[in-house]
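Two complexes come next, and they have one chain in common, chain A, joined by chain B in the first and chain C in the second.
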Partner chain A sequence: MHSPMEQFEIKRLLNFHIGSLDASFTNSALWMVVAVALATVVFVFGMSRRAMVPGRLQATAELGYEFIAGMVRDNVGNAGRKYFPFIFTLFVFILFCNLLGLVPYAFTPTSHIIVTFAMALVVFLGVTVIGFVRHGAHFLSFFVPKGVPLVLLLLLVPIEVISYFVRPFSLSIRLFANMLAGHTMLKVFGGFVVMLGLYAGWAPLAFIIAFTGLELLIAFLQAYVFAILTCLYLNDAIHLSH
Partner chain B sequence: METPERDPEGERQRLDDLDARLKKARGPEVRPTQDMRVSHRETGVAYRVLVDMIAGLLVGGFLGYWLDRWQGWAPWSLIGGLIVGFAAGANNAWRAIRVYSDQADKGGNRLP
Partner chain C sequence: MDASAAKLIGAGLATIALAGVGVGIGNIFGSFVSGALRNPEAAPRVFGNVLLGFALTEAVALFALVIAFMILFVF
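And now, the complex of A and B:
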């Protein structure tokens, strides 16, 4: 029987080496490509007819657009409008990676912390650059709480700075841990089905069916949380609000 | 037997009457969906807070450990890093909760 962690193993499909850098095309990369391709198909084909009364695919595409557009408008305001394409892309990519990971034999790129951390780092660096571009050195006042005596500032400013640097970690750990835990759980209970056999294996099988439903919810919820936290960080940088 | 031409006014009254009786039979109106949504939201906030605090500890601990290795201050910067990291995590958690409670006060239904 396979170990429950085997599903997360990275396998090289095509070998590429640039100098000492291993740039091989892996199963993780393959499923990211599949996610991007499928998302492109859904949104390009869905919107190709531009019907007044949308069909199923067009309704899906429009629903996703409106959902994220509303999120950006509510959380960042008008200033966030130009960052909408980025947040929408991020949301759709994570959502498709999460959902495709639930297909049997598929690989979940978002169950690897290096993938989620890379995305979180892009968000973190981008938001920091936006903050400095918009406010210059004044952006540093973000780390200084207002109305606090000078002595306490010596203690509070380092805490604020570290809180800021914790962001990419909490953002990436949240997504990766949810995916990793969910898929491991499914695999463990799948193992129970085989071990208990025809007589008692039905109970864990029923659990797996119910748990897959929960995993669908989590796949959506985690993409949502990633997008909305990006919005909140962006709002902090643009409006310097605590 | 029913006559072919019905009285629309009487029809409506009959339906209103039926509606009223149905409402009475169902008892006072409750909205379970509303409660479900609130509890869902609270679960989301709880998860966020948990991860925030753990990440704070991890980052603080890692910084302290790295400073120990680099400057040879063992174990003091690890201890200090863990304390500051915990404070940072609690700070982030507090902020997440405050956003949520502000929205709850406003009666909004948005997830923070």
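And now, the complex of A and C:
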């Protein structure tokens, strides 16, 4: 029987080498392209008719747009409007990668730490740059909590600094570990179905069906959490609030 | 004790984190239910925050899972 971790294996589909750099087109890259293509189809075709009374596809596109627009408005305020396209792209990309990963035999790009870490690092660096551009050196006051005695600051400032630098790690590990754990669990229970056979195999099968429903929820929830935490970090950088 | 036995024990110990996560998730939904019973009108508005709290708490369990996997497969 195959190992439950085999689904995360990266395979080269087309070999490319730039100097000593391995830039092969892998199954991970393929599914990212599929996710982007599908998202483009949904939003371009969905909005192409611009009907007054939206059809199903248009309603989906509008719902997604309004959901993220409302989230940015509530969490960052008016200053966040500029960054809406970025957050919306991030949300849609993660959502489509997560959902496509649930298709049997599909590959989930977001189950690899390097993919999620790259996204989290872009968010982290971008937010830090925005903070410094908007506030200059005053941005460093973000690490100094207000109204705290000087002695405690010696303890609190390092904690604040560390918790700031841990952000890209917690953001990326959260998404990657959720995807990894969910897909491994599905495959482990799939193995139980085969092992128990015809008479007792239906019990794990029923569990798999229920768990796939939960995985659908988690696929959406993790995209939502990634987007809303990006909003919160952005809000910290723009308004220097605690 | 040989290293492979220590690895298995370490991975098992890493799952102790689930105790805290269980308390956390129970607390989130318990508080939500008791709050929703007191003020059913406000319940839909805070449900988004409940899910956010759930996802953040669940992530702690998955950090423990990652540690367990690292102990088992990386070292």
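Please note the rule applied: the second predicted complex is superposed on the first by the 242 of 242 C-alpha atoms of A that agree within 3 Å, B and C clash if a C-alpha of one lies under 4 Å from a C-alpha of the other, contacts with A are read in each partner's own complex, and residues count from 1 in each chain.
Operating definition for what follows: a residue touches a chain if its C-beta (ideal position, glycine included) is under 8 Å from a C-beta of that chain, and two chains touch if they have at least 3 such contacts.
These numbers were taken from a predicted model, which means no experiment stands behind them.
K.L.:
First (chain B), second (chain C), both or neither: which does A:A177 touch?
P.N.:
In the superposition, A:A177 touches chain B and chain C alike.
K.L.:
I'd like to know which partner A:Y224 touches here: chain B for first, chain C for second, both or neither.
P.N.:
In the superposition, A:Y224 contacts both chain B and chain C.
K.L.:
More residues of chain A are touched by which chain, chain B or chain C?
P.N.:
On the superposition, B touches more of the residues of chain A.
K.L.:
Let me test your reading of the model: by the given contact rule, A:I159 touches which partner, first (chain B), second (chain C), both or neither?
P.N.:
First partner only.
K.L.:
Using the superposition on chain A as set up above, list the residues of chain A that contact both chain B and chain C.
P.N.:
Looking at chain A, the two contact sets intersect at 170, 173-174, 177, 221, 224-225, 228.
K.L.:
Which part of chain A faces chain C closely enough to touch in the complex?
P.N.:
Checking each residue of chain A against chain C gives 170, 173-174, 177-178, 180-181, 221-222, 224-225, 228.
K.L.:
In their complex, what parts of chain B are in touch with chain A?
P.N.:
44, 47-48, 51-52, 54-56, 58-60, 63, 84-85, 87-89, 91-92, 95, 99, 110-112
K.L.:
Which positions of chain A touch chain B when the two form their complex?
P.N.:
74, 158-160, 162-163, 165-167, 169-170, 173-174, 177, 221, 224-225, 228, 232, 242
K.L.:
Could you pull out which chain C residues touch chain A in their complex?
P.N.:
51-52, 54-56, 58-59, 62-63, 65-66, 69
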